[in-house]
Amino acid sequence: MHIIEAGNVAAAMGVKLAGVQVVAAYPITPQTPLTEKLSELVDSREMDAQYIPVESEHSALSVCIAASSAGSRAFTATSANGLLYMNEQLHWAAGARLPIVMCVVNRGIGAPWTVWNDHQDAMSQRDTGWIQLYCCDHQQIIDTVIQAFAIAETVRAPVMVCYDGYILSHTYMPFDIPDQADVEKFLPAFTPDWALNPQCPANLNTVTLPEPRADVRGNTAPGYMEIRHNLHTDLRRTIDVTADTDTKFKDIFGRGGQPFIESYFCDDAEHVVVCMGSLSYQMRDVIDELRKEGVSVGVYGLRLYRPFPDRAVAEALDGRKNVLVFEKALSYGYEGPLFSDIKAALYGTDSLPKIRNFILGLGGREIRTRALYQAVKTACNENQSKPHEPDFIGLKL
Amino acid sequence: MNDVKNPGNSGNDPKKQEKFACRTSHSEPGPGDGGRTGSWRVLRPVIDLDKCIPAKRNKAACFNCWLYCPDGVITKTIPPTIDYEYCKGCEICAEECPADAITMVEETLILMEEK
Amino acid sequence: MATKKTTILNLPEEEYVHPGNRACAGCGLSIVYKTGLKALGRDSILVVPPSCLTVLQGLYPIAATQLPCLNVTFASTAAAATGVLAAMRAQKRPDVQVAAWAGDGGTSDIGLQALSGACERGEDFIFICYDNEAYMNTGVQRSGTTPQHVLTTTTPFTGKHQRKKDVPAIIAAHGIDYVATASAAYPLDFYDKVVKAKSIPGPKYIHVHTPCPAGWGFSPRYTVKIGRMAVETGLFDLYEREKGQFRLTGASEKMLGKKRKPVAEYFITQNRFKGMDEEKIQSLQAEVDEKWAGYEKIAQGVC
Amino acid sequence: MRDDIIEIRWHGRGGQGAITAAKIVANAAFTSGYGGVVMAPTFGTERRGAPVLTSLKISKSKIYDLSPITEPDMVLVLDHLLVEEIDVAAGLKPGGLIIINSPRPPETFDFPGMKIATADVTTMAANAGLPTGIVNTGIIGAFAKAAGLLDMDTLAGTIEAEFAGKNPEKNAEAARMTHAHTLIGDA
């Protein structure tokens, strides 16, 4: 069934369909309407879940960590400084291997305060051990929330579903609500191998030594480093899980097919633009225009950011003349974080393409499609590599 | 619109089929996590059964030593017994015994005696 | 108390904490912990933030505690307990008792926000704070509940200038149905309070005074004795606040109308009070006298 | 960039319901076969009474560009006093349509090169039995008449669905009455 609603509502519908049992959240713009919608669904008993109105984001994730440790499907959502306030708990959730799903409604970080969109919040948390998926429209939001639980519960690692604050969260557009029975076919009830339980007492997340140590039966148990190494190797394998999940989803719902990077006119493109979130869809209009003018250009929208699908990225970009990375985040004192990752993925490819980085839209700075068009067109014409200096679009100095 | 191949990272790796190890720090209950903590002891509590109230009366009584022992190494039995494997020698039992039935004896003396 | 008091003879024999754990010899927490777990029983889930208890719990893969236990971050204890409760409700397992067990730093300082939130939401759990009056696990730094004038590694010469934070009063201000204090020196009183707390719905808070030989500077032999002196001098009082009704319990109740030991007797037993002079002692004695005058009035129904 | 997208900008005041009005039109457009519908309120810190705007893009095919409207095809003004306060015609395409809730006839407004339509939505809504000041459903009637994009019956049905349980008939009636009394000036 199609409805026209805001992106936050699409996310809430996905959470409901996924059969989430525990929701804990703290209000923050622009995430708030998602949380309000969930409390409404729970209060009206349309959704059979525990809604915990906590006193901080730190506690929101703490509740999810504990609920997940006790074997329940848990969800939270936040933005910007709320996400940063969770930072410690983000690492904890990943280290404890809990399949929590969280929507991050992307917003710039203070100071100074901003409520508007960029990707600095989620990007700054890329090394926490969370899987990060980015959405371009409402259909992707609702579908990705559902897929996120499937991925999280397969790998036993938490997933962030990221979507642009206001641009997606508060914008209304049509999307299809998947059928509940189909969702249950895709995502069965959460049955963890272990959970907090008085019947088989275990002490979770205890202090772990640098070296392996024998357990009560004399078998060797891993040390801290083995546990962390395993998180890494399991996350590397998540790249395949994401693809398998997408295939399974497509079989049931008919949508998907490009789990890591969504391509638009890239097959034969000499120049490719890479970006994440709604920006990659906005870029499609630019590509249409430039294609009309005979420019051989396409756009890749990166959907999976962590773990980084480096092989897919390298394969997609190998042999291109120009790679133009547009992003709404900045590793201060260096360059855009996505740009760094893409450069790293290209290391060792046969034909190193020329590469450029564009920073734009920080703190909600308006991104005019016309300005994107100009930037892409100029860059294609200049055909120049600028691997060390990002260009800023829309900067009014 | 056209599709990109989206290759995964493991290819035909047989590992792909393996279950995720999901290593965590989940501990199982068991004694002696801190080792044989009896070795921490400098003084050993020794119960004088002639003074010990439950032993003397041969019925359940007192058991202060059992109640206050931080490490749970004294039994609530007649007479109470002490698990020297784990007793850390804190002396609380000796201090709290209302009958002064527990004396702290130097471990070195006991060792010499055992020899 | 209408309910029958537990005696040594009928206190359950079964231990829930394995011996050979890493707690210091003479640890007050160990006494409190093993007694509290007997009261909580097997059908419980514990939530524990970093504290000496984390060390007592043991190093992976061996645990000293025989109950399921979730170790959580320092600030998140009460929120994590909330999460376990939510999961138990979602899974229709209402009989599982959820208990948070934190130190004084994890309760009165970094954990207070989450605890306040959980109390305000009315979460059905027992929060036990074992108060050894400083950050012992990190090497005796001052905490919100370190008493005035106490020497710690962060108040090394002139002692802590500020008063001890009255955490039970702060928690009671949330209007929860059960707030109690207890002491490691009176394990049976503590046991009864935990048992009572289990029968009351909503948040329950129990604040347990817990002597620490290493941090307070006394011989491990005197852990119980010193805990008892804190009560007998009237410095730390055993009480319950049930549905707002305050009453002294156990040893403190018995002290009503009687002469208390001078606080100075307590201070000289511990190195941490070495920075105190006569004037400070007298000033604290006056505070205790005033506090007890208030108790006497309550007991006589004056206010 | 694309020329197949109709861009509509809504001017109102915080609390006046411009977002609901735009949402109703979005829904009606979608039911009428416009597969691409994007409605975006202005983002930020709107407060009751302050001027706010909402943008609505509709197209027969999916819309990918979610950036704010800069060159609208038409503008709806829920409160004629806003005309004095802000430049409601900013960026409006030449020959674009301005629909204003006003008791004044179109020729009294001075927007050179633009097509003006007016309706006394406030009065019509009151006549339809709505509490004073509810204008967000009435203005839809003026939109139906002046824009000619969507038919009145579809819009009325959408209004009734949106206001289910909250005076659906009166709200639909306000739109129908306004539809019948909308004045369209010469371009």
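Chains: A, B, C and D, in written order; residue numbering restarts at 1 for each.
Criterion: a contact is a pair of C-beta atoms (placed from the backbone, for glycine too) under 8 Å apart; a residue touches a chain by one contact, two chains touch by 3 or more.
Here the structure is a predicted model, which is why all the values come from computation and not from measurement.
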Clusters that remain linked by touching, subunit A excluded: B, C | D
Separation of subunit C from subunit D, taking each centre as the mean of its C-alpha atoms, in whole Å: 64
CA centroid of subunit B to CA centroid of subunit D, Å: 76
Centroid distance [mean C-alpha coordinates] between subunit B and subunit A, Å: 46
Length of the line joining the C-alpha centres of subunit B and subunit C, rounded to whole Å: 23
Per-residue multi-chain contacts in subunit C, two or more chains: 57-63, 65-66
Multi-partner residues of subunit A (at least 2 other chains): 201-208, 215-216
Contacts with two or more other chains, residues of subunit B listed in rising order: 25-30
Touching pairs - complete list by chain label: A-B, A-C, A-D, B-C
Subunit B residues touching subunit A - in the complex, by the definition given at the top: 1-10, 15-16, 20-30
Of subunit A, residues touching subunit D in the complex: 2, 4, 30, 115-116, 165-168, 170-174, 278, 281-282, 284-286, 288-289, 364, 366-370, 373
Complex contacts: residues of subunit A adjacent to subunit B: 96-97, 154-156, 193-194, 201-208, 215-216, 222, 224, 226-227, 230-231, 233-234, 236-237, 239-240, 243, 257-267, 300, 309-312, 315-316
Subunit B-touching residues of subunit C, taken from the complex the two chains share: 8-9, 11, 13, 15, 17-31, 34, 57-66, 187-188, 213, 219-225
Residue numbers on subunit A that touch subunit C, as the complex places them: 21-22, 24, 49-50, 52-56, 58-60, 62-72, 74, 88-89, 92, 195-198, 200-209, 213-216, 221
